[in-house]
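For clarity, chains are labelled A, B, C and D in written order, and residue numbers in each chain start from 1.
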Amino acid sequence: MNFGFTDEQLALAATVRDVLRAHCPPAALRSERRPAWEQLAGLGFFGLLLPPESDGLGLGLADVLPALEETGRACLPGPVVETAVVAPYLLPDNPKLASGALCVTVLPPGQAYAPDADLADLLLVARDGGWRLVARESARVVPRSGVDPCRPVFEVAFDDSEELGGPAAPALRRAAVATAAQLIGVARELLAVTVAYARVRTQFGAAIGSFQAVKHQLADAAVAVEFAAPLVHRAALSVDRAAGTADRDVSAAKAAAGEAAVLAARVALQAHGAIGYTEELDLRFWLARAWSLSAAYGTTAAHRERVRTAVLDGDLRRWP
Amino acid sequence: MNFGFTDEQLALAATVRDVLRAHCPPAALRSERRPAWEQLAGLGFFGLLLPPESDGLGLGLADVLPALEETGRACLPGPVVETAVVAPYLLPDNPKLASGALCVTVLPPGQAYAPDADLADLLLVARDGGWRLVARESARVVPRSGVDPCRPVFEVAFDDSEELGGPAAPALRRAAVATAAQLIGVARELLAVTVAYARVRTQFGAAIGSFQAVKHQLADAAVAVEFAAPLVHRAALSVDRAAGTADRDVSAAKAAAGEAAVLAARVALQAHGAIGYTEELDLRFWLARAWSLSAAYGTTAAHRERVRTAVLDGDLRRWP
Amino acid sequence: MDLDFSPAEQGFRAEVRDWLRAHVPGPLPSMDTPEGFAAHRAWEALLADARLSVVSWPEEYGGRGASLIEWLIFEEEYWAAGAPARVTQNGIFLLGPSLMRFGTPEQRRRWLPRMARGDDVWAQAWSEPEAGSDLAALTSRAEPVPGGWRLYGHKTWSSRAAHATHGFGLFRTSGTRHKGLTYFLFPLSDVAVRPIAQLDGLPGFAELHFDGVFTPGSMVLGEVGEGWRVAMATTSSERGLTLRSPGRFLATADRLVALARSSGDPVAADRAARCWIEAEAYRLHTFATARRLMAGEEIGSAASMGKVFWSELDLRMHTLAMELLGDRAGEAGWLDGFLFSLAGPIYAGTNEIQRNIIAERVLRLPR
Amino acid sequence: MDLDFSPAEQGFRAEVRDWLRAHVPGPLPSMDTPEGFAAHRAWEALLADARLSVVSWPEEYGGRGASLIEWLIFEEEYWAAGAPARVTQNGIFLLGPSLMRFGTPEQRRRWLPRMARGDDVWAQAWSEPEAGSDLAALTSRAEPVPGGWRLYGHKTWSSRAAHATHGFGLFRTSGTRHKGLTYFLFPLSDVAVRPIAQLDGLPGFAELHFDGVFTPGSMVLGEVGEGWRVAMATTSSERGLTLRSPGRFLATADRLVALARSSGDPVAADRAARCWIEAEAYRLHTFATARRLMAGEEIGSAASMGKVFWSELDLRMHTLAMELLGDRAGEAGWLDGFLFSLAGPIYAGTNEIQRNIIAERVLRLPR
């Protein structure tokens, strides 16, 4: 029982964080589609979960969780979860993944659109409980209106596709956990930025962060993030170990992380005032990311429903 | 369109209020089972809803709503709703009701126990969608553990009973609206008492009512009561007019009033601290009443479910 | 106590419903685009032709002298019919009432009828970068010159200002804090307007930079130095009944129930049903408030309860819709409403300030 | 990072589970009645015989030197087995840790083993009528006399004091506010104890009146005048991990899910499932905290996050149960828990104070 990240896991996250600070500053969110991707590829980021035979490091999902949280904290654009988490699981033999030479997107079941599909070399489409692999040239992608300027969504149609063996669920579980980790990062950054703003913004002759109402809203958001995070960490371990409770654990994590991030967004906006979602501030990118990721790989409502159904059906097993 | 109480309706409430102030002070809640009943009977309170042929005033439910709210505000013990609202509707010809000579209790469907059954001369028991009238001497009543010291509950068994004609629903709707009005009164008193306490109780060198956290909790409870009340008033009119939406309107009112009172109780206790539910203070009587009445004539959850079902089934009619 | 509409009120409702059924256009482009702004102005003119743009105003200014209840009926029908958002909103709901109360007869005659048709579209200019909720802290100033005033300073969060024709706001003519502020009207033609793009990329707001913009003496509303009092009357109308009729929330609640029904999720359905009932509660509460206002009572600080209730209801409704729509949240007409609802707890006095007002002035807790 | 219990931990869990299965009695009478108090003490002695009453304490005081993880395992099994509430709770969780840290060797030998068996049952005496959350405002005082001290003043909200044998609390020996307070132990035999009945009519609390009660010099814990520091260590343990293990919430969540399932209401089921997951979140968070503590880290102000989370979760769970039980809420063992849960956001620092701490010391917002 050692429920905390190892030095190696934290060191990986610190490296990713440094790269993102240098190559994915807020200004890049206004101008670039995939800032820092080249540098992350140089670090081997896209091979972390690939087996050594494919030039990967063969790490588990839990090992890369803090690094994924950093991609959320930096609001990193591009199909990160799709290329670095889903693709290595579904295409472990693909020789071009580890180097970051392939960009992949995913159209999950129950969703209408695939993120960043215009950038993708390969599309993984969930259909009939399994996966179909679609090459870029076989696909027609049409932009659709979304909520997140840095995560544009596309309708996807295709003629040719290849069937991949195996069920859809295991890869979707990984995608949901990775997205939940990003949501934790998004929420932490929203909190940090808002605390900093509340310390300097004055109204009625005092920093707004000295008003109890503002304090308590931020405290509530901090508590929500604090107790969502261990659910996400557990879900990663439970997926890595193929625990019998994995499905329920993942849904609990995704729902809690989504709600924490949406609450942090709400509190951030309330503290910033109307300036919060204008182009004046970078805040809007994180707000939009909280909204878009909370709906990705299953909405909060859908995950809550899965948890409810499992628990009501008598699945009260706890893992560990 | 004149959605406010008339002078007559308010004058009736003021009279009831004066009687209750004089004859149902908080001290009476510790010692008497039916304080102020005699004085209320003297006013004609128990005949308000009876037809003139039975020595009643033939008023509508909406007319007596402010007076019922006062009985909640005073935390009046005894089967008030049962004797003054349900019995006049189900037994309009009973010559002893108007004078207050008869004490009546009700065992509604879906509930296990009847309040104050040991005091009742007559019991009205909902069964198979209708009503059965049980004389005291035919009933065995066994005390059960409840939450409200001034509204003890009893299990009821009986051999002989008389069937009353007609369905159970109309009387139950009236009982639910009257209980909702009492809940509004309970909530208002909880707020008033807590505001008064927060003005004088000091901690950290200031009145606790000057702390923004306490202010905002009380403001939220005040808002909840403020917007539950018109739902209750509408429900009374909608019952009096036999509007097609009456069922849904009643459930919306009962659920909202119950939630407002439970929230007011929560805020009152949090502001008072642990002293709130001890015998040191009278507050505990109002807390208990908020809890017991919110479960009476349908729990909040049950009423919410009825509203949800109606609305989802496409009943989006608004009355008026 | 009753909840009966009179035959005249029922007749008015039928007239409005029929007219809207015949005239409401399909969805217009966003009013924050030039073509959308023009389309919305054309719609306002059409409304005005039917004397439906400002039903509660006196006939001489383009209204019908409708009662408060009739105005509420109009609003219910307007939003239920899916009619366009009102590009004239800031003028007719914020400035209009102040003009009627504090304007000279000439000011009223000159500005109100044009406002009612959308010939002039007014933008409010309250906030400054360092004075958001704390209006008394504002520093923009006006200096007297022959024939009028020159305005200096920097306003922000001016809704619709990117395309509007005129503005109104407070400028300091002397003193500090609440004292020595004056209420000015001004044409936007000489003001440097810098649009502020929102999340959707459209300029819902703008910054206004005044570098000695001239406005004639006839553009002062109320007395010089009395701007705070005039503005508070306007603000209390902004915070009160007039801006936030229940009609819009009722229409949103109906749409939300339909969306939740199609989701098949009972928990979402419960949240939607709860919102639907809360919209009813707001409607009923408004009928009670209207009665009090029509009887000559003041609502005063109790209006803060309404602000907290409707703004958080609106946000809850749109948040649920976003959650139900998932990755289709950018479509189906909900995103605009969501972004707008996010501002609800912020503008016209943040809900933190409203809760202070409820606690201190309604409940009488110590400051 | 892992979540694996070691073979030793798994063996300990099995032992505890087996022992509890064999020994847990049926429901005992309330510990606030004389017969219930005696029955609970007898249960504590039985637990102590199996060295299960204070597993994390050193063996010399009756424990097993169990690790924090083992203690968490014990608590999970204890509450899952439906074992009785702990009448010794205030002693073993509040005073015990302070005695181990600040007590003299003689004090530790004298008091800890008897506490572990329930031979002595300790009541805390923190609050005074005018000093609830604001402990530094207390005015009860101690005066030195030959051989010891005499205690004067008035304490309140002393849990279990109606039947307990000893008490502990702060008394002023000099100075004002935080300075000059001293931490005293005292027998309750000479204290005037006035029970305070709760809603259920039972004296869960009592008032303590000190009119020159003598306590010997050996009953001062820590240095004279250092009581605040000693108490804060105790209080931070009260607010921290030790008092509120997840086991109790996990057991409550399991019962709640069963109750909600039988209601057939999907919305209630959703609320129950959410609580069930939140209890899991609290458990997992506690494992992470245990790891940090075992690695020698301090939790400090972050413990306030736990206090807010568990106390509001506990209240939410019991509120839902009360709602589901309707008029049967007085039965089925939920009412006691509901009343207890209502106190959760109040005692050990109200949640308002906890949120201030989170904001100021964790998030570093200005005071």
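In the analysis below, a residue touches a chain if its C-beta (ideal position, glycine included) is under 8 Å from a C-beta of that chain, and two chains touch if they have at least 3 such contacts.
What you are looking at is a predicted structure, and each value in this text was computed from that prediction instead of being measured.
Asks: Between subunit A and subunit D, which partner chains are common?
Replies: The common neighbours are B, C.
Asks: CA centre of subunit A versus CA centre of subunit C: separation in Å?
Replies: Centre separation, subunit A to subunit C: 38 Å.
Asks: Could you give the separation in Å between the centres of subunit A and subunit B, each centre being the mean of its C-alpha atoms?
Replies: The answer is 50 Å.
Asks: Counting only residues that touch at least two other chains, what does the list for subunit B look like?
Replies: 211-214, 216, 304, 308
Asks: Among the residues of subunit D, which are close enough to touch at least two other chains?
Replies: 266-267, 270, 352, 355
Asks: Please classify the inter-chain touch graph. Allowed labels: line, ring, star, complete, other.
Replies: Topology of touching chains reads as complete, every chain touching all others.
Asks: Please output the residues of subunit C touching subunit D within their complex, sorted ascending.
Replies: 266-267, 270
Asks: Along subunit B, where are the residues that touch subunit C in the complex?
Replies: On the subunit B side, the touching residues are 1-6, 9, 62, 191, 195, 198-199, 207, 209-210, 212, 214-216, 218-220, 222-223, 226-228, 230-231, 233-234, 237, 252, 255-256, 304, 307-308, 311-312, 316, 318-320.
Asks: Enumerate the contact residues on subunit A facing subunit B in the complex.
Replies: Going through subunit A, the ones touching subunit B are 211-213, 216.
Asks: Can you list the subunit C residues touching subunit B in their complex?
Replies: By the definition above, subunit C touches subunit B via 1-6, 9, 69, 250, 254, 257, 260-261, 266, 269-270, 272-274, 276-278, 280-285, 287-288, 290-292, 302, 305, 308-309, 352, 354-356, 358-360, 362-367.
Asks: Contact residues on subunit B for subunit D in the complex?
Replies: Residues 110-113, 144-147, 149, 153, 202-204, 211, 213-214, 262, 266, 269-270, 273-275, 277-280, 284, 287-288, 291-292, 294-296, 299-302, 304-305, 308 of subunit B touch subunit D in their complex.
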